[in-house]
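Chain lettering (A, B, C and D) follows the sequence in which the chains are written, and residue indices restart at 1 in each chain.
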Amino acid sequence: MDTNRLEAFSDGVFAIAITLLVLEIKVPPSEALGLGLLHLWPSYLAYAISFIVIGAIWINHHAMFDWIVRADHKLLLLNTLHLMFIAFLPFPTAVLAEAFHARSRQDVATAFYAGTLTIIGVLVTAMWWYAASHRELLNDAISPEQAKAIGKRFLIGPTGYGLATILAFVNPWLSIALFITLNAYFLWPRRPQVTS
Amino acid sequence: MDTNRLEAFSDGVFAIAITLLVLEIKVPPSEALGLGLLHLWPSYLAYAISFIVIGAIWINHHAMFDWIVRADHKLLLLNTLHLMFIAFLPFPTAVLAEAFHARSRQDVATAFYAGTLTIIGVLVTAMWWYAASHRELLNDAISPEQAKAIGKRFLIGPTGYGLATILAFVNPWLSIALFITLNAYFLWPRRPQVTS
Amino acid sequence: MDTNRLEAFSDGVFAIAITLLVLEIKVPPSEALGLGLLHLWPSYLAYAISFIVIGAIWINHHAMFDWIVRADHKLLLLNTLHLMFIAFLPFPTAVLAEAFHARSRQDVATAFYAGTLTIIGVLVTAMWWYAASHRELLNDAISPEQAKAIGKRFLIGPTGYGLATILAFVNPWLSIALFITLNAYFLWPRRPQVTS
Amino acid sequence: MDTNRLEAFSDGVFAIAITLLVLEIKVPPSEALGLGLLHLWPSYLAYAISFIVIGAIWINHHAMFDWIVRADHKLLLLNTLHLMFIAFLPFPTAVLAEAFHARSRQDVATAFYAGTLTIIGVLVTAMWWYAASHRELLNDAISPEQAKAIGKRFLIGPTGYGLATILAFVNPWLSIALFITLNAYFLWPRRPQVTS
């Protein structure tokens, strides 16, 4: 089975999840609208972070499926599981916004959010390691060394997000700063020097 | 008419339905957020089950349209009817989560959910039987015996889900266990040994 | 400009509008869940009607764009306007369900629903007449006589729905029966006898 | 990297954002339904404006990606940022409708709406200027003079919307009239006279 269908379906889920995020932002009462709109900053921040997070995962998903050229059923399952947590993201996003809005339990909310990202990171890494250990799924131009190097890079995600999850209980803002930094890093995916 | 359009439209509905599921999960009040998030377990469970159910149906839909290579209007109608119940699934999912949350009428909620899956199973089977009895719609490589064998396998869905619907009134958890088992089975679609 | 992009975008809007319909159905309170689910019949009916209506329009949109092979900007605008009312349909659907649920002002709700369908019908017809009078947009295999014959068939939609809008004030059920009949008719699109 | 994926993903976000707009329109109480539906005119107006705005941006996005034929990572980032504000539009749309409904702070609501459009206009322009200054991303048939001429045209958007944002505090209706006019203008994208 080639990966076109899997990618198109994944793209659909990414595009929908990223667009549903806005539904969590509620219109403030119309008296004092200006102030009301300003007070929604936690919602805007959570929206922007999640949009960039999903955007970054999408871009990396594509880079990964430039290297993975065939899918078997186990990979399909891993991808479905991975999409399950992508599509779940609007919920931790709303939880995060609400906690910062109510100024209450920001630690739990941030940990919940970062925890979801950790699981996504683990599943992305698992997809790569699975594909890398079934070389018939990979692009022929990728050597075993390159596959291993890429795999190491994929470990940054779950490790970083796992750290952010713990850090949330120390200081939620530090945790948020960490996953913004991680995404800034992810948004420049570096392709392997594939020499043909 | 070839099936590309039908498949693309179906994929769209699958991707949207699967992603809308999360909208049914409501943010708990921010005091005692940690506990509130834990208490949402019925919503997470219902989300996960429906995600896997829709994912499994999607994978099988694809397998089916590897075999069905042309569509006539009746097949198009059957497919539309089938999508009508796929797109409906977020509602029984919300009903299921709510009942387990309120610890009230889990039997009715589970039966309603399993009943919707039964109808989907019947429609999927009907699509296959219709295509199998109009051989110009099928891939030439499939022999009548293979078509019949595949058709028998498709009966497992509506039968199993029908049983789960009845079982819900005996014990909702038993019913849920049954449709989780069924999906675990479905997620490994076995292709017919098409010998060319 | 060829029509692939236009069709893909339209398909997206159709698929999303059809899948959003379910969001209008609200979970009943969990005591007396069985009865509550039964009392939702107006929501199920409205859901089913709108699903079939959008499905039928989608199928006919495709048939139309088998004949229309090029798009200019005016056609693009007409199509966008037409999608604006397709994407609007979840709202009259919710209005219809609510009125039948509350047993109050079913006439207004049905007329509002049928009125929306009338506008869609007018815009579909306008798209065809526009394309038919700019023959460079059409498939070469279609003769002017065929284009005219197809155009006449497209008039059935707005006429029938217009009638249903008026009929709603006489008897809402009669109006609903009329647009169910119309859709049963539309769901068997007849292709022109294109002789090459 | 070619632009197919980027365009398909963008189309998905456009199609979803445009279709989510309807979710902001709430069913009026069923007594006095006729009047209730009429009183929703600010919602209909806001819906129509946003639909046309997103439609116009979509059409221009396509025109732009007829000229931009390759994408690098910075362009991908700019496009993601741009989609972030497209997907955000249902929120200012709801704010606008609510303010006109409550007849309160229409100036703030209109400025918020026009401000969002200004940011979108700035990002669209930035995408073009970036591509135009990296000629390997452009279609070879476009001369530097044409690229510059197109770039000037793109300045109309952010300038016009910026003006509308300020104008909102003078008179919200004047501001709305301005962005309706701008969109009427945008909806007729003029292609450059590309002579091969």
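In this text, a residue touches a chain if its C-beta (ideal position, glycine included) is under 8 Å from a C-beta of that chain, and two chains touch if they have at least 3 such contacts.
Since we're looking at a predicted model, the values are computed, not measured.
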| item | value |
| --- | --- |
| Most widely separated chain from chain A, with each centre as the mean of CA atoms | C |
| Chain A and chain C, separation of their C-alpha mean positions in angstrom | 37 |
| Rounded Å distance, chain A centre to chain D centre (Cα mean) | 26 |
| Where chain B touches two or more other chains at once, by residue number | 8, 12, 16, 20, 23 |
| Graph class of chain-chain contacts, one of line, ring, star, complete, other | ring |
| Pairs of chains found to touch, sorted by chain label | A-B, A-D, B-C, C-D |
| Residue ranges of chain D touching chain A (in the complex, touch as defined) | 5, 8-9, 12-13, 16-17, 20, 23, 73, 76-77, 80, 83-84, 87-91, 94-95, 98-99, 101-102, 104-105, 108-109, 112 |
| Complex contacts: residues of chain A adjacent to chain D | 8, 11-12, 14-16, 18-23, 25, 27-28, 30-34, 37, 47-48, 51-52, 55, 58-59, 62, 187-189 |
